[in-house]
Amino acid sequence: MDKQKSLISPVVYPGSFDPLTFGHIDIIKRAKKLFGKVIVAVGSPSSKKFLFSVDERVKIIKNFFKNEKNIEVEILNGLLVDFVKKKRAKAIIRGIRAVSDFEYEFQMAWMNRKLHPEVEVIFLLPSEKYAYLSSSLVKEIAFLKGNLKGLVPDFIIKKIRKKIG
Amino acid sequence: MDKQKSLISPVVYPGSFDPLTFGHIDIIKRAKKLFGKVIVAVGSPSSKKFLFSVDERVKIIKNFFKNEKNIEVEILNGLLVDFVKKKRAKAIIRGIRAVSDFEYEFQMAWMNRKLHPEVEVIFLLPSEKYAYLSSSLVKEIAFLKGNLKGLVPDFIIKKIRKKIG
Amino acid sequence: MDKQKSLISPVVYPGSFDPLTFGHIDIIKRAKKLFGKVIVAVGSPSSKKFLFSVDERVKIIKNFFKNEKNIEVEILNGLLVDFVKKKRAKAIIRGIRAVSDFEYEFQMAWMNRKLHPEVEVIFLLPSEKYAYLSSSLVKEIAFLKGNLKGLVPDFIIKKIRKKIG
Amino acid sequence: MDKQKSLISPVVYPGSFDPLTFGHIDIIKRAKKLFGKVIVAVGSPSSKKFLFSVDERVKIIKNFFKNEKNIEVEILNGLLVDFVKKKRAKAIIRGIRAVSDFEYEFQMAWMNRKLHPEVEVIFLLPSEKYAYLSSSLVKEIAFLKGNLKGLVPDFIIKKIRKKIG
Amino acid sequence: MDKQKSLISPVVYPGSFDPLTFGHIDIIKRAKKLFGKVIVAVGSPSSKKFLFSVDERVKIIKNFFKNEKNIEVEILNGLLVDFVKKKRAKAIIRGIRAVSDFEYEFQMAWMNRKLHPEVEVIFLLPSEKYAYLSSSLVKEIAFLKGNLKGLVPDFIIKKIRKKIG
Amino acid sequence: MDKQKSLISPVVYPGSFDPLTFGHIDIIKRAKKLFGKVIVAVGSPSSKKFLFSVDERVKIIKNFFKNEKNIEVEILNGLLVDFVKKKRAKAIIRGIRAVSDFEYEFQMAWMNRKLHPEVEVIFLLPSEKYAYLSSSLVKEIAFLKGNLKGLVPDFIIKKIRKKIG
């Protein structure tokens, strides 16, 4: 069984996940159904400020998917394309919700191809229920004491409340 | 007369207004003509740096509209949708100038609907004379000692010059 | 009562409505809630081919709203801005779903303002459930014998089936 | 070997392919590498005029891929989602080149999900060499007697010349 | 003087100009100021229906610019890049008003570069007064008997009225 | 010869150039070919953090073009339109790669026209090889120790490595 598992070439789903939203969860499940195995790669670009540390974010995602096989969670250090090659992954997965997302994604995808032409980027569409949802909107609402129900899982709502107080 | 005034359900026009531009003024006047009463809701998201304090911004807008009835100016604390409900407003007004505005506005509008489905968002188009105008462009020009004539009212130009020196 | 009704300045919602979809219905209801009275203006630009004649389309919309007050349906001949003025309407209502819609709408709105500066255009956002829905997609599915349930009202599905056979 | 082949759930790549361009070929090859098997579904929407008949287009694509395994070419009648289900395909593949493509693709994808929620749509990015390339541009150049070298395979250039004369 | 004139490498401004609008005129004047000489290239793609014949359109533009030097008007047959080379022009001029224009323009420009890498495409911005203006809108208004004042020159309004009756 | 040189009215290409990329170089060369003389205007908006000081950036660009005539490099202080007037330049040159670029560019261009109506803005298209390339992407890759070959000239790669260590 381990052997068979190792035969599945995974896909990599990179992001900051600060915090994990139902939009991310929707994409991870679609990717698993399509490709068999997903590695969630949690990055921490130095240009951004985070609510949760990278270790906290990895722990939260692992916790959410603790009963699902073939969903792994790892810290992303260095270039995404190097990570993808090391994992022998067949593609990078990106969720797209809006036209502005899309332009940035195009730039990143063509840049990645220049660095490693054999790495493919695949765009998936989240449920239209989550077309408006992003981690930054979740944090904006949290800071203004708004209701996060239905945007992120309940145990993450508690963790956000603890952080923000 | 007071009684009649209280019968008009207002619309809320939220923003930072740092500073108030002729583009904002154009939208406020259109909204008043259409809906009878406008509450300008002045926000101060903690993620932004401001040239004028929220109290200064409220005072400037009140000053500009001091001879107009049915235009109120208030500080926006907490979530916009909660403010709208408290004021028994019938809708949120947003000016849109460009396609990129529009995507962000869509996200916010759908998010607001998820939080309070009965709050409506209405998009108005400013005069094409102001299609290029934004508070950040005004500040950029001010810092570079450019001419602000025609972009913001004259008494605001003086206040900006005093701030920047 | 008649007198009071005549005091409400309506809004005009123009379109081809070939056929009326749940997306249109969503916008009409939002407009009525916000403005009290809506005139649905059914146009027949000569450049397009239609499934239903303009009289059939008017009849279908009237039928759907037969129990709702303050929703009127009329044929749109000539320029939209002239129609708006004749009806003493305060604004044109447009639903927007996508960025490409939006550009065309901007062009039309600025053109209308050039022709009659006092006519205002107001953009409303349909429910995100209908963000994908358009009359042309409905016709495409109909021609391919696909399921129209949930896209247009049931009695319109029957009429479409009769037309296409 | 036949048995193993039947175990691979294919993806479906729909289009008009009038004519097949190097942009389409690029997407088909990427899809095959990622998913193992591709069914090219050649459609003929009645609203369009075609240079090649649907049978000619199927024959051209089959001819081009005659030495490749796991690339099948079929006529698409009826709804795409019904075709996908009949073929037990796991997803629809779409190439996207531009923001305007993307909006139309979103509409189609959400519409398809409404009709059959279990059908997934996957977007792939062609090589940036083909970001400008479309079948209509190829035909435009052909009608103006321009050079088609590098846009479509050589044997298709000959067929186009024969058609247009 | 003739000799000197022949030393100026012109730019080519292609379009259908059905009819010439104040938006086109704005771009032609900007191009002349920047580059010294402009060739207006009047095309008649077979896929479009025209109000004025290509000869009428050439005559109208020549008439409008009859007192301006260094603005030439010619019929565009064949590929634009071939025309540009024959004229020893240094660039193609395009006016852009909107994001959707822009995408199409990008596709055409990259396609032209593939066919003739030495042909440059230059984008100019019309006055924001004309950001909404296009030949098709002019025709739409004309068919609906609307007012064309300020959209096209007066003598063209008369010609349109004569055509449409 | 000096006299003749002074007769050429230059164009101004403004930017941060932190660092100069092959995308910038592509635009500078196209502009020189079209207009004869280019002034690269190196700005340092106070809102941004820079990897290289403005003096270092000027030195790097001068170094790269040391063997090319008619390419000058200067620091941009104050408003761009004032700089353009002082230099008696005939236009501002901007490279555009993407739709989102484009909207920002439109805003800036119309703003500049309001400040000085006689200053023209000209948009050029870089090679599609550089459509994905930006200074910020270069810095992102540099911080993650990725390969910069082909994105910026080799001597700049060395300088970046020295800065980041």
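For clarity, chains are labelled A, B, C, D, E and F in written order, and residue numbers in each chain start from 1.
Keep in mind that, in the parts below, contacts are C-beta pairs under 8 Å (C-beta built on N, C-alpha and C of every residue); 3 or more make two chains touch, one makes a residue touch a chain.
None of these values were measured; they are calculated from a predicted model.
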Joint neighbours of chain F and chain D, given as chain labels: A, E
Over-half contact-pair match to A-F, picked out of the listed pairs D-F, B-C or C-D: C-D
Chain A and chain C: spacing of chain centres that average the CA atoms, whole Å: 40
Distance between chain centroids, defined by C-alpha means - chain A, chain D (Å): 30
Multi-chain contact sites of chain B, meaning residues that touch two or more partners: 99-100, 103, 106, 110, 128, 131-132
Chain-level touch network, classified as line, ring, star, complete or other: other
Pairs of chains in contact (touch as defined earlier), listed by label: A-B, A-C, A-D, A-F, B-C, B-E, B-F, C-D, C-E, D-E, D-F, E-F
Touching residues on chain F, where the partner in the complex is chain A: 98-100, 131-134, 137, 140-141, 143-147, 150-151
Of all residues in chain E, those that touch chain F in their complex: 30, 33-34, 90-91, 96, 99, 102-103, 106, 109-110, 113, 120-125, 127-128
Residue numbers on chain B that touch chain E, as the complex places them: 99, 128-129, 131-132
Residues on chain E engaged by chain D in the complex (per definition of touch): 45-46, 78-79, 81-82, 99-100, 103-104, 106-108, 110-111, 114-115
